[in-house]
Amino acid sequence: MSPAELAAASPLIITATGACLVLLLEVLGFSSLIRNFVVICTFVLCLLTSFRLGDFNDVVFSGSLFSDSLTMIYFAAISLAGLFTYLISFKALKGEGVTSGAETDSLFLFSTAGALLLVSAANFITLFVGFELLSLSVYALSGSALKQKASSESAMKYFIMGSFSSAFLLYGLALIYGATGFISYAEIAAVIPSIRSQLIILGVLLIMFGFSFKVSLVPFHVWTPDVYQGAPTSVTAFMAVVVKLAAFGAFLRLFSYCFSDPILFESWSKVGWLLAVLSMTVGNVLAIQQKSIKRMLAYSSIAHAGYVFIGFLALGQNGGGEAATYYLLAYSFMSIASFGLVSLISNNTKEQYDMDSIASYRGLGEKKPLYALLLTIVLIALSGMPPLIGFIGKFFLFTVAHEAGYTGLAIVAAINSVISLYYYLNIIVQMYFTKDENASAKSELGSEEMIKQQVQMSIPKFVVILCTLLIIVFGLYNRPLYLAAELAFR
Amino acid sequence: MNELGLHFNLLISAILFCIGVAGVLTRKNTIVIFMCIELMLNAVNLTLVTFSVYLNNINGQIFVFFVMAVAAAEAAVGLAIILSVFRNFLTVESDEVAELAG
Amino acid sequence: MDLTFSSSNLLSLLVFSPLLGIIPLILLKVSNKQAGLIASASSFISFIISLKVFLSFDKNINTFQLAESFDWFPSIGLKFILGVDGLSVWLILLTTFLTFLVSVSYSSVSEKLRGYLCNLLFLEVGMLGTFVSLDVLAFYVFWELMLIPMYFLIGIWGGKNRVYAALKFVIYTAFGSLLMLVAISYLEFKYASQVGSMSFFLNDLSMTSLSFNEELLLFLAFAIAFLIKVPVFPFHTWLPDAHVEAPTGGSVILAGVLLKMGIFGLVRFGIVLFPNATLYAAPVLAILGVVGIIFGALVAWVQTDMKKLVAYSSVSHMGFCVLGFSMLNVEAFQGALLQLINHGVSTAALFFLVGVLYDRTHTREISAYSGLAAKVPLFATVFMIFMLSSIGLPLTNGFVGEFLILLGTFKGIFFLHGGQIHSLVLTVICTTGAVAGVVLGALYMISLYRRVVFGKYDTSIHGLTDLSLREIFVFFPLLILVFFIGLYPNYILKDLEQTTNFSLEQIQNVRVDQPEILNKVSKLKSNLPPSNKVLNNTIDKNIEVSNI
Amino acid sequence: MFSIFKDLILSLPLSSSLTQSEVVLPVGEISNSPLVDSRLLFLPLIPLVGALLSYLVGGKPKVEDDHHSDHDHGSSHDSHAHHGSHDSYKSGMSLSAIVATTASSLSFVLTLLLFTALGSGVSDSIVASAWSWIDAGDLNVDFKFRFDHLSAVMCLVITGIGSLIHLYASGYMAEDPHQPRFFAYLNLFLSAMLILVLGDNLLLTFVGWEGVGLCSYLLIGFWFKEMDNAKAGQKAFIVNRIGDAGFLLGMFTLFYYTGSLSPSDILAKVHNMPALAIEVAAILLLIGAAGKSAQIPLYIWLPDAMAGPTPVSALIHAATMVTSGVYMVARLAGLFSAAPHALLLVSIIGTLTAFIAATIALVQNDIKKVLAYSTVSQLGFMFMAIGAGAYSVGLYHVVTHAFFKALLFMAAGSVIVGCHHEQDMRKFGGLFKYMKFTGISYIAGTYAISGLPYGSGFFSKDSVLWATYSSTGLASTIEVSNGIFLNQALWGVGILTAALTAFYMTRSLFLTFFGTYRGHGTPHETSFNMVFPLLVLSVPSLIFSFLYGDTLLTYLAHWTRSDFLGGHHALLENHTYHQLETISMWVALISAGLSGLIYTFAKGLPAKISSLLSPIYKLLLGKWYVDELYNLVIVLPLRGISRVFFILFDRILIDGLLVTGSSVVVDVAGTTLKKIHSGTMKSSLSLMFSLFVFIILFWVIL
């Protein structure tokens, strides 16, 4: 193996081995602590090895995998996000009715492997295999709370709709293969300008179907609210972050590398902007209607996908990919923090009938001041207020939209940000501005007691606090994030 | 393979694909829906093989093998999920599995 | 204006000095009294620093002074460039001063005092940052930074309908500012495509060449954000709600500082970045200002809630500022800028006064009070003085600003339209409207005063006591300011002159490289009154240059 | 009979010497550079300091107790009356009264000193500049005062009569617990009035202009516990503000065309202004003057202003503030002379005001209301004079009016105190025997105001009428009917008004002081410090004009640069003047005599007449229903509009349609979309697929 091949393969090998090892350990009867340690080590190793990729700019394994800085950035982001979501899921999963630890642990790792494969794919076969590996593991993950109706329902919906859409993706891949005769990105990119076949554009549209489904762009979003709500919260976080990172990464790679032909770009962007507008608008408008916070965050993630997609429309110009990546990275932090907080908060409010209803956040500012404060920061960041992390990302997207001539899109995004403020702030209203009527009895617990509860540090809490701090720090000092985004599209 | 054969095969696979789509959209039983999805995948396989033969290029056929493997895995995961749904809901009719809404 | 750098880092020190209070307030578990003490001390330090800034400011140099520049985000050219001119130096002083007064009078808040003071100090960071930023994006960041603390101040410590009011405030303001963000990004894109590098520095961005339509649209986006904040007539309905629901401190800051941001933005950015559009849109702004003046005054007259009345009076007063700004001549402009400070003093004091009543009796209904003069004479006297300052009685601060604006309006309309028949109507509307506003202003204020302070004392009002020592401490400096500005406005006007001259130079240097603007400007030129000779010449010169 | 008087006058050595005293007026060269004297700054400053001091020495303001307030002090006015009956002869002055009176006397002394300095003839004005006030663009305004002959006359009146009224007030207000506040306001008023008069630019005049308005407001509502008083104060303030708005606009117009706000600069540049601009500026300034000097249509506040304590009525609402309109016009005489249409308007307004107010005064029963309407009427006379271009005559009437109207008000105040705060004349009667000094002064005042021969009013009113008659302005070119020109018609109305004046003043005199006492309790003479100013003022009311009238008139005529130079004596040779004077004298005599006869011997007659002419009587009693008209035409619609604005724009259009509307749109869109996302997988799949097909179709179409 050449160094480049080694660099590209090692994270994949590590995660896949880790996944198998976890299952093995379970069979051999090792304690869950060791298993957890192995999983964490796998993620950390994966993260560390992925940095090697930055030294190369190659296609390896006879045109199967990329070994370059875009891969590096997404590898790093995915493994870090995987690590964080795994840490968040630590005790939470048990609370949500997930029985067997080993399977979920290995599924986390398998899906991470799939995500890595998807991002690094350099031909259609690896793309499809990565896509399916990721999807199948996540289908299983979302159904991992076996005894819960919601979980299995969401798994079923995700599975059926996901398979349906991957069939479309596959059909699209097949059509492009037919039209060009190649399956590797580089070759396809080379021949597309000389082939003006309707098959290609049809294929591109079908591929867009598949990817739009994974990143939940309207109208391919229909699964998102149900699945996000039904799946265990930490799995939801995993879906919202890792899956999105991987799918968007591959999506970006495909469109910036493989389908970068200007005339082709012109052709699909005729309808592409519609996806962005619909995603932003439908996502935000529907988020207002939600009573469950997970469902609300699902719709908000649809809207954020719409924002990211603005970057796609500017792929023809400098900076489109960077802006999309930047926003995606920023969104990942906010997403981990928000779902992590939801998971933490609902775990602590088990006695409530509606675990994740927005109404149950009433008076949280008094009951759990720390969580309430963190959630407030995260929500404000999600709404794109300066100086938090979401702001500069949005600004980049606006700038590239102007460059690509989509000023109207920027205005739509701005108006949507205003709409989104409404529902984000509504949570704050519940937490701080309204008092919980039935809380009077509970609050007799004494503030000392509550503070003691709050102060006890657990791993998920640590992760959430870390993410929130990063949201603030990267908001004020966005150089690292920007460099990452820039590096990806060097 | 000549042009006519190509178009014929492609048409067949497209029709198969559409049948699959129609099945997914109209049927209620999740197992039937799942079979329809398999049909869609196989329709694509046909397309791939057709192109592969037409273009005299082995890639398509390799692709088909991967697709088949994935389909098998999909079947395993899918059936497991449907099983768990049946355990919880005592039905596999998709319309009755609708607790999540709003 | 150019920058005069300073090595003292005074401005960044100033902007972040409230952190001195915020950090201990967050980290330490302190009692209410200690918290109040910490916040007061911290805001006092800010005030002292701002005094130092004020003293270091040299009004004879026409630059942004005490400038500092930090690379914030070098890859996109975002710098944190700070600097003050004659206008911002006063607004800074006003900000730190009012924040200090508000934090001193913390005792009107009993619940969650720490949070209240934290938000207040955060708000101060935002306000100060907004006033010193010379970098458009940094300005925007601080501009938005003010939103959330204010949202909390209204939402947590507000009255009955606080959720609605807070949300309305945020949504209204965010709507405007996000459009501004779109405009900033567009401007930046234009600049980058012309220059090849990115920068958000005011002076750089003002070099961007834009088509007239682009400029007008961008100006519109900026102006909407600013006019919502002012607030100008059709965008004003957030203000009464926000004021009524906000706690006293929130109202004071809102009226005293936040409302100034709109005009400040127009002066600092609107006129510099989009001089042609400003000139073009000025008559519309003038009409909006006049409508605001009359509308605010009339509606204030029929209010039954004291705070709402004062809130609508703000609409009316800020209408004067918009009118003065849009005249684009020295007198009105100076008047508008001075009026910003005046309004900050008088209306803030009026809100404090309403707060004094509310703290004691927990109602703001005008009809609940009667004959207070007999019971609380000191309160009545202080109230009287601020009321008079608010209606612009000569020798109080309110008069000078209003007078200059009116005088300039009389001149300015002629400048803009040179007595053509159709614009004569505009002249009459603007001047008469504004003067009518002066009369109506007296009407609602005097009527409020009569209903509350005069008449038979209603013995059913319980718990009413005269001003406490702490309250006297709050009002006394404001009283001094009322008369100081009223008697010796030149002290401030001299500082404001610098900003005024610079802003009006922008208008004089309207770029006449496009035929449509050339047309408009030459039309203006033919209508100039004799007293605007300088301007006349400048425009002449520009036209000549462009003809060559 | 007239010839006897004429001979008498001509034979008087005093008057003839005074006729020659015109030579006192500067004939030679006087340096144009004004004399700088910083003492001038102290003129307005002294009363200002006095105001502060008298408030501070008064101690802590009296605060009412929660529990006792309603039965203890229902209203200050009542409590005043209540206390007053116990020991009404208490003449000790409170500390604040002493401070205030001293301050006002000091400023009188200072005025005299400055007047002497001015009289030395070195320069025609004294200036003092404090600091540069407003500097912005073309506007440069200094805090600069100018003491010239015109302002000197006003200052003398203000501080002189002002001091007397202060003294008087110390007696009148002796029982009031809020004396410090009262005297502070009173001194503040003096200060503002002096600023008004002395201001070297119109802006400073405006400062005083609004300042006196404020003090008037404060003093009218001094007994604030009575809501009606507060309302009267508010009315005064608002109506004055309307006038002030006119003043402001006029000032702007002048500034726009002349680039200055200083009267001398403006007058120097008037001829450069377009004629229309002059007219507009003049009319706008006149609106200001009409507000302050209570002319139609802005006179309505003055009668209500009588709610204030009587010394206030005497000082502010009779002698000084209300005449500032006349003063301002005289200051800008050159401007007004160039605006004939404006002048015409002034004459008409002045005449109408004089007449209408006099008719209302005929039927008033409140003694202060009679005097109030009489003041409005007299102010109308002053405006008549201005309208005729005879600014000096207007000012002349200001001075004489200040004497006798202040006197009348104070006498009335004395009566009111003497009769335990009764103001209704129907409850007076025969007071002369209880209050000899007050009675004498009231008689003197009535004599003067009625224009009975050789009283102060006689000469000044005659001059006004003559000025109107002989005016060469626009009025003399308008023919009303055959051979009668407008100026002659106005003169006719003026004569009629003069007759009415004599009638109602005599009526009030007889109702109050003669006949039998109809009230309760025993009236008593008031304290010395109240009676003394009355007696002092009686003297000039009677003989001032006779002695110094011509001198003053000539003096004023010179300094207003007005062309109406004829003094009484100079005109005696004029045949028409002679005739007119005779007519007006006889009219006043007969009218006063008739009134005296009716109210002594035929007390039933007025009632009979009023029932005979009941519609007219009702109209007059209802004060021509002007208040009601204004309320109906202006106030109510304005309030209605405000409500409509509030509800229509804020509540319905902006908040309802735009704010709530947009949120409803989002909400409806949300609920609609939510229905589509119904939750079953099949519908979701169909939605997804159909939209995908739609997008493909969309792409194909594009």
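Labels A, B, C and D are assigned to the chains in the order they are written; within every chain, residues are numbered from 1.
Quick note on the criterion: a contact is a pair of C-beta atoms (placed from the backbone, for glycine too) under 8 Å apart; a residue touches a chain by one contact, two chains touch by 3 or more.
What you see is a predicted model; the values in this text were computed from it and never measured.
Undergrad: Determine the chain that sits nearest the middle of the structure, using the mean of its CA atoms as its centre.
TA: C
Undergrad: How many Å are there between the centre of subunit B and the centre of subunit C, using C-alpha atoms for each centre?
TA: Here the centre of subunit C sits 65 Å away from the centre of subunit B.
Undergrad: So, what's the distance in Å between the C-alpha centres of subunit D and subunit C?
TA: 39
Undergrad: Go ahead and note the Å separation of the Cα centroids belonging to subunit B and subunit D.
TA: Measuring from centre to centre gives 98 Å for this pair.
Undergrad: Distance from the CA centroid of subunit A to that of subunit B, rounded to the nearest Å?
TA: Once rounded, the distance between the two centres reads 26 Å.
Undergrad: By the touch rule stated above, which residues of subunit A touch at least two different other chains?
TA: In subunit A, the residues touching two or more other chains are 156-157, 160, 164, 225-226, 289, 422.
Undergrad: For subunit D, give me the residues that contact two or more of the other chains.
TA: Correct list: 674, 677, 679, 681, 685.
Undergrad: What pairs of chains are touching here?
TA: Chain pairs that touch: A-B, A-C, A-D, B-D, C-D.
Undergrad: Any idea which subunit B residues touch subunit A in the complex?
TA: 10, 17, 20-21, 24, 30, 33-34, 37, 40-41, 43-44, 47-48, 50-51, 54-55, 57, 59-60, 62-63, 66-67, 70, 73-74, 77-78, 80-82, 84-85, 87-89, 94, 97-102
Undergrad: Going by the contact rule set out above, which residues of subunit B touch subunit D in the complex?
TA: Interface residues on the subunit B side: 21, 24-25, 28, 94-95, 97-98, 100-102.
Undergrad: Which of the residues in subunit D come into contact with subunit B in the complex?
TA: Touching subunit B: residues 674, 677-682, 685-686, 689 of subunit D.
Undergrad: Give every residue of subunit C touching subunit D within the complex, in rising order.
TA: 168, 172, 234, 236-237, 240, 295, 298-299, 301-303, 329-331, 334-335, 371, 373-378, 388, 393-395, 399-400, 403-404, 406-408, 410-411, 414, 431-432, 435-436, 438-439, 442-443, 446-447, 450, 453-457, 459, 462, 466, 487-490, 493-494, 497, 529, 531
Undergrad: Per the contact definition, I'd like the list of subunit D residues that touch subunit A in the complex.
TA: For this pair, the touching residues of subunit D are 663, 666-667, 669-671, 673-674, 677, 679, 681, 684-685, 687-688, 691-692, 695-696, 698-699, 702.
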